[in-house]
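Two complexes are shown next, each including chain A; its partner changes from chain B in the first to chain C in the second.
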Partner chain A sequence: MKCRKCKDKAVINMRHHKLALCKDHYLAWVLEQTERFICKYHMFTVNEKVLIAVSGGKDSLALWDVLLSLGYQVDGIYINLGIDAGIGYSERSLSMIRKFMETHGEAVLKVVDVPVTYGASITTAASRTHRGKGRPCSVCGLTKRHIMNRIAEEGGYDVLVTGHNLDDEAAVLLGNTLTWQTGYLARQAPVLPASGAGLVRKAKPFCRFYERETAAYALLAGIDYVYDECPHAVGAKSIYYKELLNTLEEERPGAKLQFYLNFLRARDEGAFRVFEEQVELNKCSQCGQPTSLVGLCTFCRTWQQVNSQSGNTQ
Partner chain B sequence: MKCRKCKDKAVINMRHHKLALCKDHYLAWVLEQTERFICKYHMFTVNEKVLIAVSGGKDSLALWDVLLSLGYQVDGIYINLGIDAGIGYSERSLSMIRKFMETHGEAVLKVVDVPVTYGASITTAASRTHRGKGRPCSVCGLTKRHIMNRIAEEGGYDVLVTGHNLDDEAAVLLGNTLTWQTGYLARQAPVLPASGAGLVRKAKPFCRFYERETAAYALLAGIDYVYDECPHAVGAKSIYYKELLNTLEEERPGAKLQFYLNFLRARDEGAFRVFEEQVELNKCSQCGQPTSLVGLCTFCRTWQQVNSQSGNTQ
Partner chain C sequence: MSLTAKLILRDKEYEVRAGQTLRDAIQKCDLSPQAVLPVLDGQLITDDQILRPGDIVMLVSVISGG
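For the complex of A and B:
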């Protein structure tokens, strides 16, 4: 198969786009497309300060690389969750990011160490709360959202970006659709505006790239990354939904992209507008972050519970 | 496993309802539930004339049996599509319905023979039109909808009911959702009101029963039926969607029902109201049936094309 642009040997064939490209044209195409999505969904401008959440995985590192190449002002934040799982997961993730930074001299990284800052690893924290029964993903998500918003606010960033790709977005969408979680459907979008109550704008510039495409970008751009999924995610529903969607995609190439794009169109046309809640947000009496609760926010309540049960384990 | 009501041996266990029942209590439960759905969705009353489309399959025969048992005024319509497929499919279906009628003395059946009335079997008709390329389902659906509405109107019936079960409805819903066909989503419901332009009310009293439950009803009530799917449906998308949903159901019992019911709730709450089209309907200049087109309706256009190409085959 030949590159559509230069007739050199193609390294990737995107059946859903009927597009095969060589290495150089593929790397350029990802940059162009990302720029197009950033503009199309009004995510941010070159004059704004961007904070990217990096995990050490392919998506966030590839996105950081792309945003720097496109000339955006983008700093990274790494949240060390203290997950070991016998493979030193969190430590390996951080060292992968450090390696990335060696070849990206301009990159600035902020690190928040959860065990040091909050007193327990996510694994331990989850085991001490009812939220964490079975799987720490709920406590982990809550904690990451809190930290990301706090760091973005404190650093004066205009927008927080994450590396979610199409497979991630389509899986979340399928989960929300199969249960018709209308409130979540109303809020799922490539960009979520800031709210005056202290919630920073959020954007997902890679939301239209298949996972295979972000992996190909990382590989071809020479970016090394952590291959493992988070050890706690094994058996998670999102992985199950991804498999369902992969079955569908095999049957009909492009099905996943169409599912997501047609949802965005339906949403734009007002499908879930009636479910857009205008929740009155308060400030948490302890951390000052926005919360729908009165007094302490869910993050502070959860971590209060975690630390009230602290023993010798971390 | 024991019957929840009488402690006799249960013949069916419905995990999604956490309900096991013996034969007698299961048959009674199906009747009660059907009555409940008819009332809940305002499908029809005992004073109205009901026309049921029967195919000879388990769903329509079970539904006819249930509606007669519940005391509704319900006549049947069988549309002989002239499908042979080497197994005399249509003829076998009709003989199964005749057998049903032997044990249901009060049942009245109207038969419309498509080859006799319109000049070609569905198989032949499809082969002569661009709509039928590959699979006759499109021409078949169009033809059945036309005939059912015509017979319902001519016979002064208040409502046309079909035996669609939950698996059917969920599969259609999944197909429409994966492509976000908002217009179709706006119109998918247990009951569709009549329109002044001559479209009769439509209702699906079995829409909340799993296929397994309607099959169990037919079996336990001693109703014999055609087991084969329509030979033309093999490989149809709807079957593929059913398989996807079965995978999901295996993982989470009740998932299919929740998918459908939560959709109905979201729809009721206005999710797709903005897509409800108020199409201006005209009367077809030939058959008088409602149509969004000017002059001939799609049914008349299609069959004109079929008959203009008629040779010796039927």
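For the complex of A and C:
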């Protein structure tokens, strides 16, 4: 198969776009498309300060590389969750990010160490709470959202970006559609505006790239990343939904993209507006972050519970 | 000479018939071409490539999540 632009040997074929490209044209195409999505969805401008959440995985490191190449002011935040699982998962992830930074001299990284800052690893925290019914993903998501928002606020960043790709978005969309989580559907978008009450703007510049496209970018750009999945993600529903969607995609190239884009169109047309909740936000009495609760926010309540049991569970 | 090629995904190896497309070989191994990127001799390749005897193709898993 040949590159559509130069007729050289193609390294990737995107059946949903009917587009095959060689290495150089693919790397350039990803940059062009990312810039197009940032502008189309009014995510941020070159004059704004961007904070990117990096995990050491392909998506976040590829996105950081792309944003730096496009000339954005973008710093990274890594949240060390203290996940070991016998393979030193969190430490390996951090070392992969440090390696990335060696070849990206302009990159600045902030690290928040959860066990040091909050008193327990995510694995231990999950075992001490009822959240997530034994799965750490719920406590993990809650903790990461809190920390990312706090660091973005404290650092004066205009926007927080994440490396969510189209497969991530389509899997979430499928999950929320199967259970008709209308409130979540109303809030799923490439960019979520700042609330004005202490929640920073959030954007997903890779939301229209297939997962294999972000992985291909990382491989072709020579970005080393953590191949292993988070040990706690094994058997996660999101992975099952991705596999279902890939089965559909095999038969109908473009099905995943159309599912997501048609959802965004329906959302823009107001299909979910009736489900948008106008929740009054209060300030958490402990951390000061916005919360729909009175008194402590969910994050502070959860971690209070975690630390109150620190003598009971290891 | 062996008339087979090899696909490797993580710690699993699949022996497949040479002379077919990589895409067909991946599917016959009950894998999804959507979920992997094939690498041959250190180079990313497209899955319409015909497998030659002795080819060793590394399949990089692309699915992540949690």
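The working rule: the second predicted complex is superposed on the first by the 310 of 314 C-alpha atoms of A that agree within 3 Å, B and C clash if a C-alpha of one lies under 4 Å from a C-alpha of the other, contacts with A are read in each partner's own complex, and residues count from 1 in each chain.
Convention: a contact is a pair of C-beta atoms (placed from the backbone, for glycine too) under 8 Å apart; a residue touches a chain by one contact, two chains touch by 3 or more.
Computed from a predicted model, the values in this text were never measured in an experiment.
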Where does A:215 make contact in the superposed view: on chain B (first), on chain C (second), on both, or on neither? second
Quick check on the superposed pair: does A:20 touch chain B, chain C, both, or neither? Answer first, second, both or neither. second
Tell me the contact category for A:57 with respect to chain B and chain C: first, second, both or neither. second
Chain B versus chain C as contact partner of A:244, first or second or both or neither: first
Touching partner for A:167 - first (chain B), second (chain C), both, neither: second
May I ask you to decide whether A:270 touches chain B, chain C, both, or neither, giving the answer as first, second, both or neither? first
On chain A, which partner touches more residues: chain B or chain C? C
For A:179, select first, second, both or neither according to whether it touches chain B, chain C, the two together, or no partner. first
Which superposed partner A:11 touches (first chain B, second chain C, both, neither): second
Common interface residues of chain A - those touching chain B in one complex and chain C in the other: 247
What residues of chain A sit close enough to touch chain C in their complex? 1, 10-13, 20, 23, 57-59, 137, 140, 167-168, 171, 210-212, 214-216, 219-220, 227, 229-230, 232-233, 236, 238-239, 242-243, 246-247, 249-250
In the complex, chain B residues that touch chain A: 177-180, 182, 240, 244, 247-248, 251, 255, 258-259, 262-263, 265-266, 269-275
Note which residues of chain C are touching chain A in the complex, please. 32-37, 39, 43-49, 60-66
